[in-house]
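Next come the structures, one after another.
Look at the two complexes coming up: subunit A is in both, with subunit B in one and subunit C in the other.
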Partner chain A sequence: MKRSGISAVCAVRRTFRLYGSFLAQNLKNEMVYRANFVLLVGMDLFFMGINVAFFAILYANVTTIGGWTFHQTLILVGSVGLVREAAYLLFRQGFLELGDYVRTGQFDALLVKPIRPNIHLGFRHVSLTESLGEGLMGLALVGYGFAHVGTGWAAIPLYVLMLGVSLVIYYAFCLAINSAVFWIIKSQELNSIVYTFMETARYPRDIYRGLGKAIFTFVIPISLIATVPASVLAGRLDWGLIALAVIVAVGMMSGATVLWNWSLRHYSSASS
Partner chain B sequence: MEAISVKGLNKTFDYFKKEPGLKGSLKSLFWRETLYHHAVRDVSFSIEEGELVGFLGPNGAGKTTTLKILSGILYPTSGEVTVLGHVPWKREAAYQRQFSIVMGQKNQLWWDLPARESFALNRDIYEIDRGRYERILGELVEIMGIGHLLDVQVRKLSMGERMKCELIAALLHQPRVLFLDEPTIGLDVVSQENIRAFIEDYNRTQKTTVILTSHYMRDVERLCRRVLVISDGRIIYDGGLADLADRYVDHKIVTLRLGRRVPDDVLARFGRVSEQSGLSVTLEVPKKDLAQTAQALLSALPVEDLSIEEVAIESVIATMFGQRPGDRGEENTTAGAAQPPPVVESDRSVHGAG
Partner chain C sequence: MRKYLTVFRVNWQNSLQYRAPTVIYILGYTLYISVLLFLWTAIYGEGGRMGPYSLSEMMTYYLLQFVINSVVLSYVSWEIIDHIREGFFSHFLVKPINYFAYWFTINLSGKLFETVLILLAAAGIGLVVGPHVAFPSDPRTYATFLVAAGLGLVLAFELEFCIGLIAFWLIQVRVFKYMLQYAVFFFAGTLLPLDLFPRALAEVAARLPFQYLVFVPIQIFLEKRPAPLADFAAAGVWIVAVYLLARWVLARGIVRYEAVGN
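Our next item is the complex of A and B:
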């Protein structure tokens, strides 16, 4: 038991070290295309701006939505940005490329290396620029909202931890959806499903009622992704909700891993 | 010691039949006929540690599929395989650290970065310690003579240079087993020769077990003493390269230089004329009458020079695969191949996927 614990720690340390190597590699790669970098950051800032404007207009007429004030909502919207940026730094871009890997047979190369193909895929496409603007803007929104809601600094560690839990839910969701790639070979449509659902994450979970709430909590637990960490920082701490998020994260991750590993058996490789 | 053991390996791909045109596409949305392609059928062989074995066969014969199963890329439909004591498709890191696969048509290097960066990343993936990494890289770079290319973006390299880098990337962790799928494809003659020389030397000095597939007979002739010939997913020959010619070809090539022209019908009495330009004539003469025929040629014709050679391995293979699949096993009319290849069923449902 103890030995397996130590080896698990070693595996995690090794994975982090490896991530460092891949990150450096990707940065070098992205800097080859400088104009692209500027364009992407600019686009992100623009779309985040639209989001904020949307809520600003709403809140000009009402004081709360589902019990959330304007500043609490900014934390929510900012948290979505942070989770998305973290996802792009860890795995998201890789899943977007997965269809090409499978179609061209390039996926072969990932299957023969002593590192899990799903982790390798994400690391190979670490993208700092893809949502850098979103991440920075997210940080600014969270900071601005936090300064106005008056929650103590003590909430920050739990907030960061719950962002981590949200990231696991997001990852499990991507992994499960993308398991279908080995049959349908294209990943674009699959990932637009992920994208569409993530778009809904920026609304507080409290706006859903009845069946909708159940679906967005258990079937597609996207509503938890931003709501749970944001509640911590917005002074709406709810331990029941936190426990729910942790259970959903563990359950989804286990399920998605089983599904993905099973799907890998169906990879038929492109002929060469 | 046995490095690779394959017993009763089968791999069947299923795929959908689509009728041509938009109508066919619409129909296939709702109703599809599943077809099966038996890419590998009941294949068994065993390879000793340090052996360099060639896989020969036409496109779609099952060479690449077999290599992909040995690498753990594909799950087999049935059969038992162990490589270095591991079952490949369990994809254990302990196995993955001990082998490499290089596919001539695929690229594992980072396209926009210099090869050096890809090498360094492999160092981290395989956890090679720095000292050992520097030493191995230094050795490989020197043998390949690509020191000046390490800092050039991979996409700016020529195909030959890129293949050298691919090989280096695959060998940094000193694999005990190496699968090479068409490593010389698309390369010019000089690059091909360099890669061949390297593989030969590497196998000899490192005692690495190598399986090589290639379309270029020169690769196989130069490198492999033993070959496995695969056709329609089955192994139809497993043995020495030299014996292959004995088994499938019953003639030798006699080349004559004549003092004056000799009528064709006179020449044809001694053997099949396969080539004739001016006073130079090439004859295919049955092995069993070789001595007799050579004597007769020398006494009956104005021969200035005569040489006897084995049939080039290339022609042997062409003879083996020369017939269309449906013709296999029938009475063979191709000159020289008196012993037809073993009967191969022609019930496969698709050609080409391999």
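Our next item is the complex of A and C:
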């Protein structure tokens, strides 16, 4: 019992060390292409600007959406940006490359390394800049909304914790969807679903009713990703909702891992 | 003509062979539209109202946008960019085929399978939100809507063709292309009906050609455009103008072309 505890600590430390080396390596790579970096940040700001404009136009016509005011909604929009940036810093880019790995047979190399292939895949392509503009603008929006809503600073630790839970849900969804890559071979469209998943996460959970609400909670949990953390900061704290998000995160993560491990067996190693 | 029919047939078979990506794409877009329909229902349920639109008009707007997005809007710039960047464009310099007409054919045949799927998906959503769909009172509206959508299809292709040709000048086109494409779609009315924009922005949108891709056809369907014939004429003028622009850009691009790769 004690020994397995020690080996678990070792495994975690090793994972952190590996992550550190991959991050350092990729940062060096990203710094070489400075023009690309400026373009990427510019694009993120452009798209975030359009998202904010969309809600600004809505709120020019209405005062609340699902009970959420404009400033509370900015926290929702910003939270999606923060989760996305965290995802790019941990795993997201790797899944965008997965189709190429599988098609060319390079995925073999990931299978023989002494680290789980899904973790290796994510770490190998960690990117600070791919979504940095969205992350920074997300932080600004959350800050701006938070300043207007007037919730105390004490809410911040729970907010950050719930962002982490949302990140787990996002990862689980990404892993589950990408499990299909071993049949479909192309991952571009699969990841467009993952993209839409986050694009639709910025609307408050309160707009859903009936069967839609159940689906968007347990099957495609877009109603939890932004709403649960944002509700903490927006002064709409609901412990029931927080418990629900944790349960969904644990359930989805377990399900996605089983699905991914099963799908791995269908990898045909199609190298030439 | 026969050579274009062949291109059409080959590409149509191609798109049938790769069915899964199209199906997945439609599923993703269905998710997006469903969420928006929930959004409008919630807003109107709270007593809100978006400008001049009733709830059923808003639902109809997004349901039609859902279909137009696949049937009218064009996404061929990806392939055009790859063609130019990887040097396949060289083949066209020595073949008796018109580059513009070639891609127009690809654009059309690539849409057939997607059109069938999107109509099925729209019918599915329509069954759920059925009572909320605002059908035209005058049966002739269907015909004018189809003409408007047809003009939008041609104009959308021309604009997308021009975006693709940027690859003659820039090597890293991805980011630039996304922003241009999205600006076109934004001013076309895919995100929001243009008459909900703030006044100044709505004025700009009303002077740009992009409104004829999405906003104007849907307004015609909702019977909110007083003179569809004037819209047809304006769209026609833009189609000619953008066609001339595309030819000019292509001619300049060929001069710049470096035939990298092949």
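One rule holds for everything that comes next: the second predicted complex is superposed on the first by the 267 of 272 C-alpha atoms of A that agree within 3 Å, B and C clash if a C-alpha of one lies under 4 Å from a C-alpha of the other, contacts with A are read in each partner's own complex, and residues count from 1 in each chain.
Convention: a residue touches a chain if its C-beta (ideal position, glycine included) is under 8 Å from a C-beta of that chain, and two chains touch if they have at least 3 such contacts.
Everything numeric in this text was worked out from a predicted model, so none of it was measured.
Contacts of A:188 after superposition: subunit C is touched, whereas subunit B is not reached.
Once the two complexes are overlaid on the shared chain, A:251 sits clear of subunit B and of subunit C alike. The partner of subunit A that touches more of its residues, comparing subunit B with subunit C, is C.
By the touch criterion defined above, A:61 reaches subunit C but does not reach subunit B.
When the two structures are aligned on the shared chain, A:14 is found in touch with subunit B, with no touch to subunit C. Looking at the shared chain after the overlay, A:235 reaches neither subunit B nor subunit C.
On subunit B, the positions that touch subunit A within their shared complex are 13, 60, 64, 68, 71-75, 91, 93, 96-97, 99-101, 103, 105-106, 108, 110, 112-113, 117, 120-121, 124-127, 181-182, 352-354. Interface residues of subunit A, counted against subunit B in their complex, comprise 14, 17-18, 21-22, 25, 28-29, 32, 105-106, 108-109, 111-115, 265, 267-269, 271-272. Interface residues of subunit C facing subunit A in the complex, by the touch rule stated above, are 18, 20-22, 24-25, 27-29, 31-32, 34-35, 38-39, 41-43, 46, 48-51, 172, 175-176, 178-179, 182, 186, 191-192, 196-198. Chain contact summary for the complex, subunit A toward subunit C: residues 35-36, 39-40, 42-43, 46-47, 50, 54, 57-58, 60-67, 184, 186, 188-190, 192-193, 195-197, 199-200, 203, 206-209, 212, 216, 220, 222.
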